[in-house]
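Labels run A, B, C and D following the written order; every chain starts at residue 1.
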Amino acid sequence: MIHSTGVEPVLEARGISKRFPGVLALDGVSLALRPGEVHALVGENGAGKSTLIKVFTGVYRPDGGELRYRGAPAAFGTPMEAQRAGIQTIYQEVNLVPMMSVARNLLLGREPRGRFGVIDAAAMYGEAERVLAGYGVETDVRRPLRTLGVGAQQMVALARAVSVEARVVIMDEPTSSLEPREVETLFGVIGRLRDSGIAVMYVSHRLDELYRVCDRVTVLRDGRLAHTGPLAELERLRLISLMLGRDLSDVRSRGLTRFSRDRHRTPGAPSTEDTPTEDTPTEDTPTGDTPAKEEGAVVEARGLTRRHVLDGVDVSVRPGEVVGLGGLLGAGRTETAKAIVGALPLDDGQVLVAGLPLRAGSTAAAIRAGVSLLPEDRKAEGIIPTLSVRENIALAALPSLGRAGVVSEARIDRVVEIFMRRLRIKAASPHQLVSELSGGNQQKVLLARWLAVRPKVLLLDEPTRGIDVGAKAEVQALIDELAQEGLGVLLISSDLEELVEGADRILVLREGAVVGELSGDEVTEERIMATIAEQAEPSDG
Amino acid sequence: MNREQASRVLQQHGAVMVLGMLVIVGSLAFDSFATPANAASVVVSSSFLAIIAIGMTFVIISGGIDLSVGSLFVLGGVLAAYGSQYGPLVALALPLAVCGVVGLLQGLVIARTGMAPFIVTLAGLLGVRGLMLAISDEGATTYLVEDRAFAALGQGEVLGLSYPVYITAVLAVVAMVLLQRTGFGQNVYAIGGNEQAAALMGVPVARTKVSVYVMSGLLAGLAGALNAARLSSGVTILGIGLELDAIAAVVIGGTLLTGGAGGITGSVAGVLLLGVIQSLINQVGSLTSAFQQVVSGVFLALVVVAQRLLSKAQRLT
Amino acid sequence: EAPQSAPAATGTAGQQVVQTPTGTAGPTCTLEQFGGTKFDLKTATVGFSQSEKEANPFRIAETKSIKDEAARLGITNLKVTNAQSQFSKQITDVQQLIAQGVQLLVIAPLNSDGWEPVLQQAAAKKIPIITVDRKINARPCSDYLTFIGSDFYEQGKRAADRMIEALSGKGKVAILLGAPGNNVTTERTNGFKDRVKEQAPGITISFEQTGEFAREKGQQVTEQLIQSNPDINGIYAENDEMALGAVTALKGAGKEPGDIKIVSVDGTRSAVQGIADGWLHAVIESNPRFGPLAFETAGKFLDGEAIPDKVIISDRDYDTTNAKDSLGEAY
Amino acid sequence: MAELAHDRGGRPDGRAAALKPQVYAWVQDYGVYAAVLALLLFNVLFTPHFLDAANFRTQLVQVTPIVIVSLGMALVIGTQGIDLSVGSVMALAAALTVLYLGYGWLPALVVAVVGGAVVGAAGGALVAYVGVQPIVATLALLVGVRGLANVLVPQLVEFRNPDLIALGSSSVAGIPVIVLIAAALTVIVLFVVRRTTFGRQVVAIGGNRSASELSGLPVKRVLLTVYVISGLLAALAGVLATARLQASDPTSLGLFIELSAITAVVVGGTPLTGGRIRVLSTVMGALLMQLLAATLIKHNLPQSWTQMVQAVIILAAVYATRKRGTR
């Protein structure tokens, strides 16, 4: 990874500042991006990475400083101008049009033309299929994009950005929803881009990836430039200390709290204490007594089936247990979780909480019975953008935070305060709009929402997606702590390391069916990969 | 996949199917319903609303709404009748120019200030009607179309159908191609589906928005002008509540008010549905006016419910 | 037989009376001139296109009168449509009536202009059209047969006479206008203003706002009016509903009957009662009972008789001298 | 879009950046109050007899039905919905009131309000359970319910019930009773929006429906309830308007009031995209529209001018109070 320092930067920021009401998101940041380099941009949640990218691409205009592109001052008024000039971007939140078809999303703005300059639909679909196949997405390109999983959508966004003539490609956390296999595909693409002299800016919270593909790194902290330099020379812990703004020795001695390493206990070990739940569900868990198949499970799903999506999935979680769900994109993990909380209509199957069946199709009933889901798609299914951080946190717990339908502001304040502190949510105030927070902090707000209802079982779908190293460790520690307190957790993560470290037991899904269960010593990354691969061939037949 | 495609077609053409059912029921129930003369009256009278609905479809798919079309329709008619004293070209150009400019202004305000289209065009509804009253002496003056050539545009017939029907058909086809097969059409869908994403994907959001309101204004003005040619006069009491008819037709046709999905065929079918409902009520011929309204309301509700259930059927596959 | 005698024959109170005797004034029309063929009215299909909902006394009385007379004459095939105040719909309604094969059309037009498409179709099939209450701007005896109704301009003039008399030719008057763009509004306004200008220069019209022919709107506008123009002496309301709304407003403001002189047009029962109670000064009648006259005219026409190109009915006035006695005849 | 559009507010030349956003924010939040004040000032200077107490009573009394209807409309709009049926519900309430007046004014009022709630429930059910888009669901009701009202009471009926007339015309301490009722309803709705679980759920659903569903909110029930409340309030407005008119007029009572109410809500700063409800500003919005109409009438402008001036003022008010990032 030797790069010639003499090369002129293709894209350069000089002393860029950007202010939002109440926050100085960027404060005199300078950064130079050279042709043929992969440049990592890192920092904590809310450090200003996405904001800087949006300044580069004309979404925001800086309040101060100068942008230079190909040696001349540049000011892109709109993203379109930036694109025309050759800057392609994959944004952190999937920014495509969910209702349009996959093909139209992929080729919007450069559809193949037929006679009379009219779009040639057949050619368009063919082209789209061809391009996407190169990224491992095989699907009916006529389908609306929203019917794809988040990961597949991300691949479409990637393919869209990269398949255009570009001088600069900017990727804001492109791997946060990708599978290992897709990540490899992505790295292949990045390599090709670099070789053809294109500058790549790469934002990620996954340090391993950075060290694998990046040449240089820029660290942002609280909107200021903390460090720029070659990455290979930078020790990992030193990078972390730069990001967090802590002393190197401090990080070294105390380490980063992660999952405690003693997870893989014998399944069913008695939990220290039960999480106290204030309102015991009565109406929603009818007394139709069906004895639990598995002893002591708080939640047990049996034979969850939905045509084309789920095929007889059985899952059970005991108090204090962390059950991982592994599998490739589209394996049906998200669907399993949604089915358990009643957010996905089922053709067949049943969910039991503490041995009593849940009313089908009612999320409210599931929540009252103590089963909650932290959804995968933060923007579409998580935050209420028009409400403040405070209202977002209190939302699900509202009925218990008041009397006779009248809310108690004092109790809300107390709960919000507790969780904002415990999860270190970075916001100007509890009254800031949640849509103004950085992605990672939005995720923490959602986690707080669910913890505030004091669930017995928490289903976490990609809980650390987009969360910085520090916060990720905090969240993982939190999961650990909660499990120790007796909470049952179902953990879905595309980050195999996280899955292995966090889970007591792992169910591997493929094409909507459970194809393997790993527990105890079997819980390793290799075994998970092997289980997926083993099963892949026979089940394809 | 085949099943999926089939049900997609089902949703998009739910209105067409309900229309078909209604026509069959109507023909069985009334002798004088499925006659060429009656069919012609439904088709001809629907054509003006259809022209407006085509423009409205673009606006709604883009995520907006245009309440000013009823007022633009009557203004277009008055201007056309006024302009016809200077020849057929002026009769056509004057309303198109004025209504196009109104659409342009509304589009600019919406695109540049981010104000809600509902409110901007509601102001348009009021302001344009005020303008129409101002140029017609508070509605007291009705300009007459003396120019034969222009009148023929609204009255001439081929195969028992008057020219506006053919004009509407051509416009519908052009609109369909525009929407499905051009970059502009794709942009309209994209900004309606997710405006922010569309902007990031390089769609010229402001330009596209302005364009759809200009189109809507032009089409409403054109419909008004053609109607003035048909009636041979610039009637000043037209178009009240027309915007709601147009919106209803478009929505019944399967276009989502939230934007991002829909199409022209559905809207045209929606317009015809409204026409057929009226015609069926006239066939009964003995309902009191109050009961006619009840029946229209119930019909409308049934149609949207049916259309909704058809599109729900798609989700379940 | 002169049409004047017709009302007496039916014996119902408040029947329409024709103003101009037939033979004397204006051109006439015969079946031969019109070019139609004779048919039997009893077995014919007759279409009646009403313009507005039958939700005010005028429209209710009008439709009822047409239906009653058809029934009385034994016409079984009467088709009625209602345009719900939408002019485009009325054009379509009539076209669909033609498509259903009507042989005679009675139309209460929502607007005077814009009938071209209907007239063409009707002319092609030689269907005679009688328009009631409002005129159609076209040629009688070729585009349509004839018009039966009141003279709205004349009504405005007569209302002005009553106002001038009430104010002894001096004072400030407000006008509650009807719906904008409506022929009736325009003519009743012009008649009133022209007459005031001509006869009573001492009267100024200091306020004119639309009350859209509705009672609530009349009330609201009057409330604003008497606040900002407390020196107003008279109110001319272009229909009874607005006048009665004005009365409610005046009562609410603590005025006494007669403080402000109100003159209106229509002659509904409530308005006539209003005269008796002292709140209204006078009401100019606009008679909606078109049935007998319309079918009589059609009958004569089919019998080959010459009929006039317009049949103007003579409307009466209501005032304190006759209000109590005439209550039964008001509609 | 929120992000994109927000930027415009945060991008004022860079220099006075710290102060200007606050001014913007203030105008956004209180612009409608400022507009009402400005209009009041204009009238005090240029309209004769404007400062009479009776004049203020007139304006308040006239605005009452719009205020009451707007309160319900604000809730509906908060859920990202819209209710076009309110005018027809007023007409239905007028019809039911006189039909049942024989049993006394209170039973008549109860029947009318229940009738309004039933219509609201029908609309709400179509929206929440069938998934029909609010604008068409309530459009069907707009057409059908007015017809129903006319079927029940075909033409204007005057009544002499002294209690009902008193409801419409009497005052307590110089303040008309119906104005007091509107004030009380405003306080109640304000409380519901600010202080109750239900109120929070309404805005949450408007802000993000699928997130609300996943958060266990009773989405369908809340939606249904919101339309029921809107119907109920519209019916009450209908009864009060009827009492004031001293006649039941299902034909023209409440015609086009839906547009006035929507305007009041939006001018007050509640976005049509839902997720936010501003109750007091909605009332101010209604007052603004009322004062505007009164001003134009008092200065005897022709209809054409009235409509054009209204258009301009609506645009200006919404422009000033617009929240960047709302469509």
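To be clear about the criterion, a residue touches a chain if its C-beta (ideal position, glycine included) is under 8 Å from a C-beta of that chain, and two chains touch if they have at least 3 such contacts.
Molecules present, by chain and UniProt name: A = Sugar ABC transporter ATP-binding protein; B, D = ABC transporter permease.
A quick note: this is a predicted structure, and the numbers were derived from the prediction, not measured.
Should one ask which of B-C and B-D has more C-beta pairs in contact, the pair is B-D.
Among the other chains, A has the CA centre that is most remote from the centre of chain C.
Separating the centre of chain B from that of chain C, both taken as means of CA atoms, is a distance of 34 Å.
For the pair chain B and chain D, the distance between mean C-alpha positions equals 28 Å. Averaged C-alpha coordinates give centres for chain A and chain B that are 44 Å from one another.
Computed from the mean C-alpha positions, the centre of chain A lies at a distance of 42 Å from the centre of chain D.
In chain A, the residues touching two or more other chains are 59. For chain B, the set of residues touching two or more other chains reads 133, 138-139, 196, 199, 288-290, 292-293.
In chain C, the residues touching two or more other chains are 53-55, 180. Chain pairs that touch, as defined above: A-B, A-D, B-C, B-D, C-D. Here chain A touches chain D in the complex through residues 19-21, 54, 59-61, 63-64, 341, 343, 363-364, 366-368, 372-373, 375, 380-387, 391, 394-396, 398-399, 402, 405-407, 435-436, 449, 453, going by the rule given at the top.
Remark: chain A residues 57, 59, 78-80, 83-84, 89, 91, 94-100, 104, 108-109, 111, 117-119, 121, 140, 142-143, 160, 345 touch chain B in the complex. Within the complex formed with chain B, the chain D residues making contact are 1-5, 8, 84, 126, 130-133, 135-137, 139-151, 154, 259, 262-263, 266-267, 271-273, 302-312, 314-315, 318-319, 322, 324-327. Within the complex formed with chain C, the chain D residues making contact are 47-50, 52, 54-55, 58, 62, 150, 154-156, 158, 169, 241, 244-247, 249-253, 255, 294, 297-298, 300, 303. Against chain A, in their complex, chain B makes its touches with residues 1, 4-5, 177, 180-183, 186-187, 189-190, 193-194, 196-204, 260-261, 316.
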